[in-house]
Structures are given as structure tokens and as C-alpha cells.
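Just below sit the structures, each encoded as C-alpha cells.
One chain, subunit A, appears in both complexes that follow, with subunit B as partner in the first and subunit C in the second.
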Partner chain A sequence: MTTYAFLLDLGRCIGCQACVAACKTGNELSPGVQYIHISEQTRGVFPALQSSIKNHRCYHCADAACVAVCPTGALYKEDGLTRLDASQCSGCAYCVDACPFNVPQLVNGRSNKCDGCAEVVKAGGQPWCVKTCPSNALMYGERETIMAEAHRRAEALRVRYPHAQVYGETQLGGLGVVMVLPDQPEQLDLPANPQIPAVLNTWQNVVQPASVGLLGFSLAFTGLAAIIARRNHKQEVAHLHVQNSAEETAAVQPDHANET
Partner chain B sequence: MTTNASPTRKVLRYSVKPRLVHALLASSFLTLLLTGLTLLWSPLSPLAAGGLMRHLHYVGAVLFMAVPIVYLMVDRPAAKELLWDSFHYDRDDWTWLKHVYAYFLGHCEGMPPQGRLNAGQKLHHAGVVIFSASIVISGLVMWFGKGMLNANGLAVAAIIHNLSMLILTVLLIGHLYFTFVYDALAGMVQGYIPEAEARLEHAKWVESLPQKEPWLVEEN
Partner chain C sequence: MARTKLQISRRNFLKSSLLSAAALSISSCSAQPLATVLNQNGLRLPWFRTGEIKTTYNYCDMCPWRCGIVVKSVDGQIYKVDGNPADPKSRGMLCARGQAGPSFVYDPDRLRAPMIRTGARGEGKFKEVTWAEALDYTAEKLKITGQAFGPEAVAVFGHTSGDFWFTDYFAQAWGTPNAAKPSSSLCTSPREEAAKLTYGLPIGGHEPVDWDAINCIVLIGSHIGEDARNTVMQDFANAWARGAKVIVVDPRFSNVAAKADYWLPIKPGTDTALLLAWLNVLINEERYDKAYVADWTTGLEALAAHVAPFTPEWAAEITDLPAESIRATARLMADNLPQAAIIPGRHVTWYGNDTQRMRAIYMINALLGAYGREGGIYFSKSPYIEAYPHPPFAVTGSSGGCSAEPGQESAELPLGPTGKARADGARTNFLRGATAMQELIPPMISGEPYPIKALIVYGVNLLNSIPNPQRTIEALKKLDFVLAVDVLPQEHVAWADVVFPEATALERYDELWVVAHKTPYIAMREPAIEPLYDTKPAWWMVRELGLRLGMEPYFRWETAEEYLDARLLSIGSSLDKMRQTNGVIVQQGKPYFEDFAGESPFPTASGKIELYSDELASAGFEPMPTYEPVAEPPAGYFRLLYGRHPVHTFAKTQNTPLLNELYPENELWLNEDEAGRQGITNGQYVWLENQDGARSGPIKVKATQRIRSDAVYMVHGFGQNAPELSRANGQGASDTKLQTTYALDPISGGAGMRVNFVRIVKEV
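What follows is the complex of A and B.
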């Protein structure tokens, strides 16, 4: 199965915010909502200052925590990307709590995040952010192609930036946004080895099957048993009334005998 | 089994206060169950989108947490007795539990005499107390713990919350089953049950009742 990915080259990103604007416009996002957040970061002490661009967005993890905890299946994996069917979302916010990159947000009671411009891409187009990027920092295509391009760019970047590297090849099973970093991940506010706690997979693997199984069994078992048990109880109560009537009669008869 | 019970006599099973507390518990629990289902079960999730069900869930949670407080306020002796009974089992209770399958299938005759709660009801109430505590604590963590706990902590709280609700729902199914089999609804709605049936199921309790109104009444 072909999987797709984004290339995000932070060596080329100039922080112009064009992708932010294109994403907001193309996806018709409500005021105050955006899927891409770009900020400039400055590190070090003057005069040895270094700056970099932070391009925060959904990284479309292969082992996506949001997908693992979503109880309704609104979040799911498709073509290597993490899609969101908002009509299935109940707004439980489990994905908001689970995401190691703090990406999904609740908007109007439903989860909201980048879905890789699913509609546009399926129609043969390119995602809005990729289409508008003026510095060629963004690409979209088959993951293998993207990965090869990422390594080529990182190699070229290492001439000036010795710590340049590819991020997202293995992290969380492989990210759907493969990044070319000019420096170590920690220097760019990215976790070197992000982890999803094993307990997150418990929801779909244990809690849901256990709930359906146990509730189904309880309903079926008590439903069948109720027919037998109610009949038994009614017979027992009827027998009790007969017994009580007989005892009352026996108690009354000696009095009658005395009267006569 | 001799009951010495009059067919026209009824005994007071639940006075007004415990019935009102039960109604509060039942309505808040069902609110939590249904609103929780809309959050977790995809066929119902469109009802939850928009946040109304989340807010109703919070309202249900406040009412649910208020139940023990309200019970202690309106009928402190009954609340304390219920809690005490739920965790204390005598020899008859253990023997009763060994033969619980007979009771499950609608047979009371031959079972050891029981107090106000039979041993199964004691276990049920103990389960309700324990898993209500775990669902309340985990729910409060999920409600107010965001920002204080990491993803792992919140996921553990959510799993405890959901498994607690699963157990409480299974207990509810059992509760409804025995209510149906033993015609117990009238006791919780009207308060009184036929003396003969009370003696059959709770002989020790009926013996301990004062033999006068309002505990015993003659039905016309």
C-alpha cells in the first residue's frame, strides 16, 4: 500500500506564514483556528545567538496516540496520514489529552486538526500549505520519495550545519511529516524520542472489547434466566399463599368447633 | 416454610426519604450512563458533538456525588445502616451466598433467613460503594486534572473511569434482573410490600420490625 508524507525542511523555512494563511483560507477555518503555528525561536546568550523557526502542526504519527484513544473512530489512519471525520467526533477530548505534540483542539465541541487536505489530495491536488510555500520548504508525495529527498537535503545542509538531520523517519513509527532539521531536535523544541505510553492502546485493545463482551453476555444471560427465574418465583409465591390459606383455615376451624 | 403472614398485611420496605435518595441516584446514574455513551459510542456520537452531552455529564456527576451527602442529611441512621450492612456478613449470609444460584433462579424457600438486605444485595451495595468511589475520583481527575497530569496519567484515569462504569452497569443489569424476577419495583415506588413475600426473602428483618403501623399495615 502506498503511503504519503509531507516534507518540512526547517533549513529552508523562512517563517513567512504563507502556509498558515493558505491553510486557513483553503480549509475555510473559523476565526481563531489554525492548523499550523509558526514562531521564531532565539537561543543562546548575546552575542552568540542562534535563531530557528518552529513550524508546529500535526505530524501524522504512524503510531498515532490520538487514533489509539479515539473511542468513536473519528480519528483514523489513511494513506499514512491521520484523518479526522468530524461527523463521528463526540468531543470527548481524549485525543487532546493523549497527543504528545499537543496538536488536536476542541472547536465547537469537536476535535479539530490538519487532515492532510484529504479532499484536495484525493482530487489530485497538492495540500494548501505545500502549494503556497515560496521557499520550497514543503513537499508532498509518496513517503519513499519524500524520505529520499529529506536525506539528500540533510546531507547538503550538513556542510554548514553539522548537526543537520532527518526527523520523523523512525519516531512514533515514522511521522507523516518528515522534517529536515538544521540542529538537534531538542534545540528546536522537538522531543528526540517521543513515546506513546503503552496504556493508551488499552482503550481499543482491552476496554472496548471487554465492555461489549461483558455487557452483551450480562444482557443475554439475565434475559434468558429471567424467564425461568420469574416463573419459579411466581410458583413459590403461589405455593406460599396456598400454604398460608391452609394454615388460616386450620387455625379458624377449632373455634368453629367450639361454637357448635 | 411457615410464614404466619396475613395475605392482606404489608410491611414498610422503604420510607419516603430512602425512596427519594434512590430516585436521585437512579436519575443521576442514568444521565451519566446515557451521556457517557454518547461520548464513547460512535452511533450516538453526533448527539454529543457540540458539547451539550459533556455539560449534561457534568450536571449528572454533581448530582451523583451529592447522593451520599443528601442521604446523610435527610436520613443519617438509614445511610449509616446501609453502609454498615453492605460490608458485614454473618454465617447465614455466607451460607446464602453458597446457594446463590437458587436465588438467582427465583427460589427463596430453603435459603437461610436474611436480614433487611440479603447477602447478594449486600455484595451489590458494596460494589456500588467501591466502584462509585473509583468512578468519582477518576472522573474528578479527568475533569480538573488537565494541565496537571501527562497523557499517561489522564489515560489511566480514563481507563479506570470506563472500567468502573462497566462494572456499575453490569451491577445495574443484575439489579434490574432481580427487581423484575422478585417484583421488587413496588417496594421502591410505593414503599410497601406484601408481608408474605417479605418473610420469604427477609425473614430476620420482618421478625425484627415493630408489629405496628407504619411498619405493618392492613390492606383493605
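What follows is the complex of A and C.
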């Protein structure tokens, strides 16, 4: 199965927010809702300064915590990206708490986040942010192609920034947004090795299967109990009939004692 | 019985659910039912699936760069604007402001109907009237003014892309040379005049930097990325990623400075000293393109003697930059010549000595051999197309400013029908250049050199762009008649007698966008939807006024389409044909020396780049730039610097819902250590008071290491006092209102605005 990915080149990004506006208009996001947030990061003391742009958005983790915790299947993986079918969302907000990057938000009681412009892409287009990016910091395509381009760009960037590197190749099973970083991730407010919280692993690998098992067990047990109860009930009823008919036989002439 | 009943109902149940599934799958083909179904579930069908998408061609009006766009509308509603892939500027991409084009159209605060003033001027009280009433009233007032004082007594200020109709077409047909655009004397006049004085060519609307092959980029104050001109961001990013070296001179660590190989945090106001030192290094170390300089420049010897004392050590003292950095950066430029250039800035009206500073920049580019060389500064060419065949105008030549085609400007000032030249002091207070808007304000107050009695203001945010707005208000009080044409109830609209509500660029036809470029091109504008409310396009307004003012010969055309098709016919095209080529016609350029077949591309007296300017010398100016110190901030004050934010344009977009959401108020950049010394914390609101006691509204402090401690910085265009703008009103602080003074550039008429100082007031 082909997996797709975004390239996000933070070397090229100049912070113009064209992606933010294209995303908002293309996806008709309500006032106050943004799938992409741009902010500056500055390090050092005047005049020895370094600065870069933070581009906060859904990174489409392969091991997506939001998908793991979603009880309704509203969040799911498709083509390497994390999709959201809001009509399935129950508004439990587990995804809001689980995401290691703080991405999903509840909007009107439903989870809300970038779905990689699923409709546009399936119709043969490019995600809105990618289509408009003036600094060519964004690309979208097959993950292999994107990964190769990311490595090419990171290597070229190392002439300027010795710590330039690719981020997202392995993190959380590989991100669907592969980043070219001009510096170490920690310098750019990104965890070098992001983890799904252990609690979530327990939730996904132990609690959820266990709960399914328990549910099956309880159903089976209930069924068994019902069968036993019914058998007992029948036996009791039969026993009562036997007693009654014995008494009735003694009183009047019985002619249909065993018909019930 | 019971069992039979259950079976039937189960069958019915299965049938009905199959039917509804089928209905659902059918309904996804015909959008409306599914949309309804989704709506019932609190969800929404994306706009691009709700109906037939209508695509129209346009050029963006959200900033003056004017990228080609395709506008997508469905059922009479505009949903999305994208860059036009066929357009040489946008190349299919678009900035945040362009993306907000539909948001600008659907701003609920828009002016909706023509209005005539009922209260006192400035009070903002109006009654809605019909177009006929508004036009008749305006025509009557203009007629009275013209008869009493001559047509020159009407000034026309215009900005944004419909300004052609009022500032060029109407003003020239009516007969006033007092038509001005802020893009000249409040922005680019010094760089245009310096370019014409030095090598005979204007810069033009699109800076002719040959980005594809440049290897060393020098930016002086240009903050690409924050100044979000789409093409420039694309070109810069590509050149940078290719490995081009970048030198940024800026008192502030801008986003582009963060990408630079050298950031020179210069002391504000000392740029010319740095430029002279760079000239000194290039000449002293003989690091210039000798053959090019010998062939194509005059005055090198004089220049060499002139800059001999201006060593990097001399400049280091003045600029607060290390001499080694000055030397190293000059060498870096030289190492990459001729694929190296200082990029002509855009807003260059800083200190009043700006034409001379720009000349120093162009001299360095000349020594680097950049002009007409691949990877340097190419020669831009205007596309060929005829003007509409109207009768000769009452005022001929360019009165409006930057609309003049290269080579068509007259050395003589154009005269109005009663023999009066511009009232802005050209030739007396300043040497040359486009009409200086701010210099037309004093004649409105003093009546000197002659009275200006009426003002038409089209799309200029009068009180948030011209420095010394207090003086502008005085003028507005004195005028006999003020017509404001605008989309929004901007601050100055309250001062109008009549208000014409304009249809936005996405709702109208408009003059062609004719662009001097490496590949000269023409772009078209057509409406995506009918104008909202009772709004009209500018071409319709000027025509209706013209017909009421006895100017019929200029308005033989009845519709914009007719006008446009007449122009396009001169190049064998039409609106229909332009649509076939995606709304753009691209022509062949002549970017390099090779394209001139041995002829000089420089239309100067000498046919060469004039390092020494005889023209300036004979007019009594320094023939070569010198460093003149500018006034320093008094103790306790900071120099007030201002600039751009990527999601806003001037004072136009602060109320646009989408852009307002992304950046609702400006911030005061203040050096973090300085903030600590003053006991000010990041995020705290403060007030500013300038050297003349003018106060700003409260502004949030951004305490940062990214700026020098002798200056503060804010994004221009905020702090508007316009109660009808529900989002922008009173948000942030206005730099313009703190610019109670400016320094007039005696050569270009530019208004240098970085000569104002502010102190921080913590409590009021």
C-alpha cells in the first residue's frame, strides 16, 4: 500500500503564514480554528542570535496516539495519514489529551484537526497549504519520494547549519510530516524522541483487548447463566406440575395434566 | 399470528434500510440532499463539492504587488482564491493576504450605499442617498470649484489598483496636475529618482533582480517574509536554498536576517556611511568589475577620490558595526560579482537624504557589474499595448506618479488648463519626481502657491499613511469639498462630504495590469460575482461624473469591457482571447546587454551609468553621496521604526476578518535588556509619546533580543480611530500618529518618516 507524506522544510520556511490562510479558506475553518500555527523561536543574546520558525500542525504519526485512544474509529490511518471522520466522533476528547504534540482540539463538541486535505487529494489536487507555499517549504507526495527529498535538502542545508537533519523518519513509527530542521530538534521545541505515553500503550494493548475479552466473557457468562436459569426454571415448573397433578389426581379426575 | 407479523415487519425493515442506503449513495452525486443530511448531523459539505465551480481571472488587490489569481465561486459566492499558474508573479502561489481576498469582500463592515454628510465634517454622520443624488451633488461641487478656482484646485489622491480611473484617467481628463499616489513620495520616490539619475531607468513596480542566478544578495532594511510579496519570497527562498550568500543590514533581527550569512545590526540612520565604506573597499582593493566599469560608467576617478577617506574603520565608528564585518561583506559581494547586488528596497523614505543613499546603492551595483548581467539586475521592459484612443487629456504627461511609462515622463512639469503646474513645490522645495502627496496638504491650508479647494480621495487611508495627520485634519477642515471613494469606512471617510462605496477587485472589471518585467506581461481583472450591496466600480463612477461634467469625449465607451477590448485590440487580443490564455498575455523581454545589440541600454546623457552626476551638480546638489548625520534620539527616547507583517498591507487589511484573526494588534518590539532596565515586562501594555507630545493608544510590548536598544519597532497600519471598523478600531498603536514630523528629501520629494522619537509611558 502506498503511503503519502508532507515535507516541511524549516530551512526554507520564512514564516509568511500563507499556509495558515490557505488552510483556513480552503477548508472553511470557523473563526478561531486553525490547523497550522506559525510562531518564531529565538535563541541567543543580541547580536549573537539564531531564530527559526515553528510550524505547529498535525504531524500524522504512524503510531498515532489519537487513533489508539479513539473509541469510535472517527480517527483512523489511511494512506499513511491520520484522517478524521467527524461524523463518527463522540466528543470524548481522548485524542485531545493523548496527542504528544497537542494537536486535536474540540470544536463544537467534535474532534478537529488536519486530515491532510483528504477530499482534495483524492480528487487529484494538492493540500491547500502545499499548493500555496511561496517559499516552497512544503511538498506532498509518496513518502519515499518525500523522504529522499528531505535527505537531499538536509544535506544541502548542512553547508549553512551543521546540525541540519531530517525529523520524522523514525519518530513515532515515522511521521506523515517529514521535517527538514536547521538545528537539533530540542533547539526547535521538538522532542528528539517523542513517545506515546506508557498509559496509552497500556490502554491500547492491555485495557482495550482486555475489555473486549471481558465483554465476550460477560456475554458468554450471561448466556450460560440464562440457559442454566431457564433449565432450572423449567425443571422447577415441571416439578410443580408433577406435584400439582398428583394433588389434582387425588381431588378430581385429571385428563390433560402434562400438556403445558 | 404474532410470528407472521414479525416476519413482515422485519422484511419491511430490511427493504427500507436498503432503500435509504441507495438513496444516500445517489444523494452523494446530487450534492444538495447529502449536504442537508450532513447539516442535520452538524457537518458541512466542502465548498468545492456543493455545486458548479465558476473560475474567473483577476489580479490580486490585497497588496500593491498584484499577483495573478484565479477566483473560484459557487452559486454567486466566492470561496477560494489561488495563485494563477500562468502569471509571472504568482506562479500558482499566493500569500496569506491574497488568500483573504474573499474575506475582504465579505467584511460585514463594508460601505453599502452612497452617502451625503449630514453632521459636522469629521463627525461621521451621513444619510444614504441614491447614486444619482450622490453623483449630481458631487458633480455640482466639482463644477463650482473648477469655475471659481480652476480645475487645478481639485486634488486627487489614489491608491490600490482601481486608482487609475480617478488618479490618472479622471484627473488628467478633468485637468488637474495635483493627482498623487502614496506609492511615490511616501514610499519609492527616492529609489526611482536615484535610479533615473544614475543609470537612466526607473526601478518600476517589480524590482528587476535576476534572482534565478544571483549568488550574493544584500538587503538593506528589506524584511522579506515579513514583507510578504509573494514572488520575492519565492525567489529569495529558491536563491537561498541554492546557496546564494545573504547579507542583511537591519537594526532588527528580522526573519530574513535569521537566514543571513551576515547580519549587520546597523545604528539606524547611518546606512550611507556603510555604503561609502563598501565603495571604499571595492575601489581600494580593486575588487570591482574593471572591464564593465570602464565600458559602462563615468566618473570612477572622481568617486575613488571621493570615497578614499571613508574607510571601514571610519564607518565602524558611525554605524556601530565592526570594521572587519564591513570589509568582509564588501569582499563577499566582490567575490560573487556580477551575480551580486544590493536589492533596491521598496519603502525607502526614511531620513530625507534618501535619494543620495539610493544612489550609493546603485553605484555599488555598478561596480559589481550587476546591471544587465545574468544574476544581477536585469533590464525590465514594459509590454507593448496602446492606450485607449481617447482625445488628448487636459493635463498631459504623468501627473499621477508611478503610472508613467519609462521614457514618457516629461522634464517639464505638466500644466493645467489655467496654466498652473503642480502645487506640491516641485522645482522649488524639491528637485524632481512624481507628485508628492504630503506636499499637497499645505496648499489646502495656506492657499500657497495657489488654493486647493476640493479633494477626491480614492482608497488612500489618509490619516494612517501621510505623516503629520494632525496637519491633514486641519486641511480637511478647510476644504470646500471632500469625496471619499472606498470599500471600507476608514478613519478619514468620516471627514468626507460624499462617500462612494466601491465594489472590490473581485466584483469588477478594471484597467489592465500592464507590468514592466523580465517577461513583460498584461493581466486582466473580471468580476467573480456581482457587486454586493449598492456598490459600484471606479470606472463606472468616473464615467458617470464625467458625463455630468461635460467630459463626454473621454467617455465614448459605455462599459469597461468595451474599453478593455479596445485596448486589447491594439495587440490583436480581447478579453475572450485572454481568458483562453488563463487571463495573462506574456511578451518577450530584453533583460540583458546581449539583447541590445551594442546599443546602450542606459538612457542617460552620457549613455552610461553616471557615478558622478552632472545633473545633480548643476542643480546645486552633491554630485556624489556624502554621509550627513541625522538627529539622534533625545535622552530617554527611542527612534521609532516601523515595517510590515506578512498578513497585513499598510492600513488596509486590519479589519479583514481572516487577517484580523491571524494578527489583530501590533506589538512594540523593545530590546529585552532595555525593557528590564525600565521595569517593563513582555506582554505589558504601554503608551508611547513622541518628541512633540503626540500619544499613541496602548500597545503590547514584545521584549526581545531581536532589536537594538536605541530603537523600537512596530508594524505599520494599526491604531486606527475608525469606530465603523468593528475589528480594527483602536487595536494596537499607530506609527503614523506618532510621525508628527518628516524630513523632505530635497531631490525626490519623499517624506522621510524615521525622524520621529518616542518615549515609553507606563501609565496614563
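Criterion: the second predicted complex is superposed on the first by the 198 of 260 C-alpha atoms of A that agree within 3 Å, B and C clash if a C-alpha of one lies under 4 Å from a C-alpha of the other, contacts with A are read in each partner's own complex, and residues count from 1 in each chain.
Methods note: contacts are C-beta pairs under 8 Å (C-beta built on N, C-alpha and C of every residue); 3 or more make two chains touch, one makes a residue touch a chain.
Computed from a predicted model, the values in this text were never measured in an experiment.
Q: Applying the touch criterion given at the start, work out whether A:Gly11 contacts subunit B, subunit C, both or neither, answering first, second, both or neither.
A: In the superposition, A:Gly11 contacts subunit C only.
Q: When the two structures are overlaid on chain A, which partner does A:Ser87 contact: first (subunit B), second (subunit C), both, or neither?
A: both
Q: So, does A:Asn108 touch the first partner subunit B, the second partner subunit C, both, or neither?
A: A:Asn108 sits against subunit B and subunit C alike.
Q: Now for A:Ala192: first (subunit B), second (subunit C), both, or neither, which partner does it touch?
A: neither
Q: First (subunit B), second (subunit C), both or neither: which does A:Met1 touch?
A: Neither partner.
Q: A:Ser51 in the overlay: touching subunit B, subunit C, both, or neither? Say first, second, both or neither.
A: In the superposed model, A:Ser51 contacts subunit C only, not subunit B.
Q: Answer with first, second, both or neither: which of subunit B and subunit C does A:Val20 touch in the superposed model?
A: second
Q: Could you look at A:Pro31 and tell me whether it touches subunit B, subunit C, both or neither (first, second, both, neither)?
A: second
Q: Kindly list the residues of subunit A that each of subunit B and subunit C touches, one partner per complex.
A: Overlap of subunit B and subunit C footprints on subunit A: residues 86-87, 108, 110.
Q: Which stretch or stretches of subunit C touch subunit A in the complex?
A: Its residues touching subunit A are 38, 41-44, 46-49, 79-83, 92-100, 102-103, 224-226, 228, 230-231, 233-234, 236-238, 240-241, 243, 253, 255-256, 258-259, 261, 263, 265, 646-647, 657-659, 661-662, 671-673, 704-709.
Q: What residues on subunit A touch subunit B, complex-wise?
A: That would be residues 65, 69, 71-74, 86-92, 94, 97-100, 106, 108-110, 196-197, 199-200, 202-203, 206-207, 210-211, 214-215, 218-219, 222, 225-226, 228-234, 236-237, 239-241, 243-245, 247 of subunit A.
Q: Within the complex, which stretch of subunit B touches subunit A?
A: Touch list, subunit B to subunit A: 1-7, 38-42, 44-46, 48-54, 104-109, 146, 151-152, 154-156, 158-159, 162-163, 166, 169-170, 173-174, 176-177, 180-183, 196-197, 200.
Q: Per the contact definition, I'd like the list of subunit A residues that touch subunit C in the complex.
A: 11-12, 14-18, 20-22, 24-28, 31-32, 40, 42, 44-47, 49-53, 86-87, 108, 110, 119-120, 131-137, 153, 156, 159-160
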